[in-house]
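Quick one: the structure is below, questions incoming.
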Amino acid sequence: MTALLDLDLTLPLDRFTLSVRWRTEEPALGIFGPSGAGKSSLLESIAGLRKNTSGRIAFAGRPWLDSGRGLRLPPEKRGVGYVPQDALLFPHLDVMGNLLAGRRRAARRPARRMSIERVLKVLELAEMGGRPVETLSGGERQRVALGRALCSAPDLLLLDEPLAGLDAALRRRVLTYVLRIQVEFAIPTICVSHDAAEIRTLCREVAVLVRGGIAALGRPDEILIRPDILPVASEEGYENVLRGRVALREPSLLYLDLEAGPRLAVPAEDEARTGDEVAVAVRADDLILAARRPEGLSAQNILPATIVEIRAASAAAGADGPVQVIAALGVLRTPIVATVTQRARQQLDLKPGGQVHLIFKTQACRLLATRRTR
Amino acid sequence: MIPAPVVPLLLSLKVAALTTAAILPPGILLALLLARLEFRGKSLVETAVSLPLILPPTAVGYLLLRLLARNGPLGSVTLGFDLDLLFTWKGAVLASAFMSLPLVVRTARVALEEVDPRLEAIGRTLGMPPMRIFFEVTLPLARRGLLAAAVLGFGRALGEFGATVIVAGNIPGRTQTLALAIFNDLQVGRDREAMLLVAMTVLLAFGAIWSVEGLLRRRKRGVQ
Amino acid sequence: ALATVAGAVAADAGPAPEIMVYAAASLRDALQDLAPRCEQALGVRLMFNFGASSDLARQIEAGNKADVFFSADEGFMDRVAKAGLVDTASRLSPLSNRLVVVVPADSDLRIRTAEDLAAPVIRHLSLANPEAVPAGRYARAWLERAGVWDRVRDRVVPGVDVRAALAAVESGALEAGIVYGTDAAISRRVRVALEVRAEDGPRISYALAALRSRPWLPVARRVVEWLAGPLAAPIFERRGFLRTSDPPEPYR
Amino acid sequence: MTALLDLDLTLPLDRFTLSVRWRTEEPALGIFGPSGAGKSSLLESIAGLRKNTSGRIAFAGRPWLDSGRGLRLPPEKRGVGYVPQDALLFPHLDVMGNLLAGRRRAARRPARRMSIERVLKVLELAEMGGRPVETLSGGERQRVALGRALCSAPDLLLLDEPLAGLDAALRRRVLTYVLRIQVEFAIPTICVSHDAAEIRTLCREVAVLVRGGIAALGRPDEILIRPDILPVASEEGYENVLRGRVALREPSLLYLDLEAGPRLAVPAEDEARTGDEVAVAVRADDLILAARRPEGLSAQNILPATIVEIRAASAAAGADGPVQVIAALGVLRTPIVATVTQRARQQLDLKPGGQVHLIFKTQACRLLATRRTR
Amino acid sequence: MIPAPVVPLLLSLKVAALTTAAILPPGILLALLLARLEFRGKSLVETAVSLPLILPPTAVGYLLLRLLARNGPLGSVTLGFDLDLLFTWKGAVLASAFMSLPLVVRTARVALEEVDPRLEAIGRTLGMPPMRIFFEVTLPLARRGLLAAAVLGFGRALGEFGATVIVAGNIPGRTQTLALAIFNDLQVGRDREAMLLVAMTVLLAFGAIWSVEGLLRRRKRGVQ
């Protein structure tokens, strides 16, 4: 069977050679890794912008590069929408001109065409259509670059830290929009990001690049947990992502029925309606374990679970360091991770097979994204 | 019989404008090749393009005359198509074009080399084929330098004397451009008339420079 | 009688025949004065191409687009003739000129003979290129005949044409120069220090001929005759040209 | 008395006019605000790069701009170290050449001069001194720009999102270094950032810019808590910052004596030694309140406190929304904020004056920065 | 009397090199003013600089000759000392310099205009005064274009004939550059000798172009 994306490429860089083999069916991909790992170089190779890339690239069954057979599709034949890390707007065009740069391709693909007005609105560029791009702010440039790619009706979106220059609120709004595009138009996406939450929201599979090689590959919630990757991924530690359906909506609270079984209280969001599928993040660092069900706490979520495994949370810290307690939740035995100190482990006598209560606050839950059920 | 000075003025305008128009497309193309491709013998090509610059114009004129002569290598071809280049204004355009080419190519090349290839690459990811990239990205980005190249070419065509006088002759009312008329007046000691023609040339050049300057004016991010 | 014939031609042929005259640049003013009269007299239209005689000769060879050649010396006419383009029957030498020694207007140099040009005060001598330009060749011939050429040749500053040689003296940077009397007459910045007597100097002669294989050759011949004729003579004389001592006659 | 920084400036921009009045003694300043608010423009005005700025700028008693008196100090006389948002490296110089671009000024100020080797090392550019800057990765460029400013021995550092392109681990290391420079060399700093943690670490005073005007000004822990600013500041909600001194160091835990009094267990960091002053962040969302001291929890930190105030956490959510409980901790009555749901407030009968226990995990504490006591 | 062809070669090399050296500093300065300042009458200044381009070279030569004449506005009588420019190789340098100036200024201007003013601004925040910025930031960034300007200037100086022959004369062994020698040979009809001199000129130009091409070669980020 042909994979959606099939990479087996090599690109010599300054201090190492980028060498990536990646075959996947997943349309929502992430690339993660420390600065200088080769993330942007990989995107540029896929877009066809690095001519000394060798090996194979195939997308949706169509070969884009096959150095063995001397095949190299030029960038304009690959149909990607590439958002470079440094925006690279056309300085001779105004904002609207930049957004329209890919209009000819979009015109040939009516099914993929997005409304310019909508893009302008969601990216909060509505007043700026006529602005020369030279005087735009950093975040504005970033948004125009994203809009330019979206308006070109691409087959594959290549996003290189598309939200890096945006404030938290705007980032959340744009992220939701990109996610919706990804789903509605069914556009496969490869997103480079340093932001674990961004990756977890947009991607179903993530490749961790380190010094040009794939150090880890898999589902974000499996990969970003790993003690060797965690420090790079986040200043804030690992986040559990729980999926469920909105069962009840109060003005400021949502009650979710988790796939795993139990019901969860999370802060309400305007977007979420009853019946929606949602994803919720809870940090491993925020989960408190209790031996017995506690009383008189402000925390609204207290879920019983069974410990499956206990392991060191950090490769470096050794035997004394914090531990990850992996517990199975509900009937589906969904794994959920809590990080606790050795001392707590001893005090509570935690061990595999034991019963615990997971305690966490409503406020500690973060709604990642909502998908309307049609 | 003495032509009003307006005749050489119009002729100069026509010759210079046509020269510029004729020289820009191949000049820019050549500049693009030199700017973008690395090949063996590049310096040779460049030297070849520069020949009309580095040789005395009269020599270039003689060479062209030789080539286009009735019994010259290109004479029959020319006559076959009845281009009728020698001693006509078309010959003046041809001579000026040769003389302007090195200026246009080198200046255009500077402009094209300054265009960020990453912007062209981005254009391609948006689905523009190379031709469209050239017209919609490269050319507009290089526009200041290309205009400068055009001004140089136009100016050179205005002032061209040495090659033109050989190829086109100095026929009042027909091939006597301002430059030739000025030379002619100076030669017979009519300095006053020459000054009038000089003034007209300056006016023409000023017009060209002024309008290009207007095209170039644009706003930039307000840094000091 | 000539006028009548030409008039008939004009009347028959509708538009007047166009005669292209390639003429030495120094003849420009005189020819432009003469042109309207000649056109009226012969019922032709005259076009001119003015330039250095050497260039004109080359152009005639290359393009064969001239009907009449008016060269500043016989040598270039010979050259065109050798290429078989001159209508030898019509060839004439109607004009002559005189050489003069000029010095800057504010110079108090006195020059009475060619010998004086060899004096050490004359560190530079401005000539039109003695190898190529007729005026220079004539000047050299005069100096050779006077036996001073070998002494002055290292001081020679060769100009591209007579006009440049004159301008060099005008600038005051060169002590003296040898140019045509016609050229010296147009400059106020030089003073004629010596007029070379015709018998001392070389035979200066302008060559005039119609050119062959041209559609209007008969008319061109008539133009040549007219320009060499009595009607044109006064105007050439007014511009400082000399009529050749010999009456106009076929060259050979 | 003259202030350290005294701004009263106006700069017409595209959709609004930047108009800032800011007088402060504080050497560690932050600028915060949504994309397009005018943050970069303000920094450029201070650096002297916007010639249509009018008004007054004075630094350390020295006037830099006084349009009334027609005074405008050129940028090279202001002695700033400016790190622009888009790096703007000199393309004709290699990495080392860029770092050395300000060496002449540095040579005139031996007291301020930083070791190039150290800068290269901390910014993890050690192998790259001879690299042309054109092929650097986004994060590498950003670091070189930072290094270039640091090596120029500035009187005032102007940082425009200096860490935006870096992964979490690297960001933490660089941040610690910048903080150390700020303290050791006593270089006043103005830092633009979208990252609340960055602002809280580097800055003692923050100005929130919205549409060219200062919408709020004050201590980061007071300002970033505000319900109108919170959503912009952070995806993760408000963080408490507690300061204290390392009392005891175990391999994987540090025990801190807080300024406020109680002792806290936090995850160990290599950098921290006994006696060091440290700052620790704890999110308001992570604090659980308990009416009585609970037993049998994995959470190691349980601090008694007195409720001072209870107010709505979000302007939008109204009466039903989550509330901020502000509690006073220990003898210094240091305010600490916990966000809880209305339901929890009712269940626990929380009200001002009441006693509560603040519960939070070791892992929920994040060491922001360490300062060695000399 | 006929000089070994190596004499005009050396002379041409000397004249062209000195012309280029003499013209670059003021040319770049002028280009900088035109690139950076907006002032009334800018087009006039530009036209003035372009004069030697748009007028026939001979006219420029006569004008210079008139200006430098002993009792001309800039002559030795007026200035009180004798620069000894006329009819010396210095005069040839002067004439070529005038003729090259418009090419150098316009090409250098294109290069300078493409320099990002924000990079200069960053340099200033690092404490570099404007002079240092110019030498350490602007010049190196504009270097490709400035080299092109130098090549154009050098080439023009090699080929300059019309003005040089008037101001410097055509004195074999003293002011007869390759261009003048070629003209001379052609005028006399010694076409074979002229071709030899043409070949030498081409060689000289090739040398200049080749070495500049080497200076220009540099690596770029590997985009397609």
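The letters A, B, C, D and E name the chains in turn, as written, and every chain counts its residues from 1.
We adopt the following convention: a contact is a pair of C-beta atoms (placed from the backbone, for glycine too) under 8 Å apart; a residue touches a chain by one contact, two chains touch by 3 or more.
Values in this document were obtained by computation on a predicted structure and should not be read as measured data.
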item: Intersection of the contact lists for subunit B and subunit D; value: A, E
item: Interface with the most contact pairs, given as the two chains involved; value: A-D
item: Inter-chain centre distance, subunit C versus subunit D - centres from mean C-alpha coordinates, in Å; value: 91
item: Geometric centre distance via CA averages, subunit D-subunit A, whole Å; value: 26
item: Whole-Å gap separating subunit B and subunit C, where each centre is the average of the chain's CA atoms; value: 35
item: Cα-centroid distance, subunit D relative to subunit E, in whole angstrom; value: 56
item: Interface hub residues of subunit B, defined as touching at least two other chains; value: 62, 118, 121, 124, 186, 220-224
item: Residue list for subunit C, restricted to those that touch at least two other chains; value: none
item: Set of subunit D residues in contact with two or more other chains; value: 48-49, 74-75, 135
item: Touch list for subunit D against partner subunit E, complex; value: 47-49, 74-76, 78-82, 84, 88, 90-92, 101-102, 104-105, 132, 134-135, 148-149, 152
item: Residues on subunit A engaged by subunit D in the complex (per definition of touch); value: 14-15, 33-36, 39-41, 85-86, 124, 127-128, 131, 135, 137-140, 143, 160-161, 164-172, 194, 196-197, 231-237, 250-253, 265, 267-268, 283-292, 294, 296-300, 317-318, 320-322, 338-345, 347-348, 350, 359, 361-364, 366
item: Subunit E residues touching subunit B - in the complex, by the definition given at the top; value: 38, 42-44, 46-47, 50-59, 62, 102-103, 106-107, 109-111, 113-114, 117-118, 121, 124, 144-145, 148, 151-152, 155-156, 158-162, 179-180, 182-183, 186, 194, 198, 201-202, 204-206, 209-210, 213, 217, 220-221, 223-224
item: Residues of subunit E touching subunit C in the complex; value: 1, 62, 65-66, 68-72, 75, 77, 86-87, 165-166, 169-171, 183-184, 187-189
item: Residues of subunit E that touch subunit D when the two form their complex; value: 116, 118-119, 121-130, 132, 136-137, 140-141, 143, 219-222
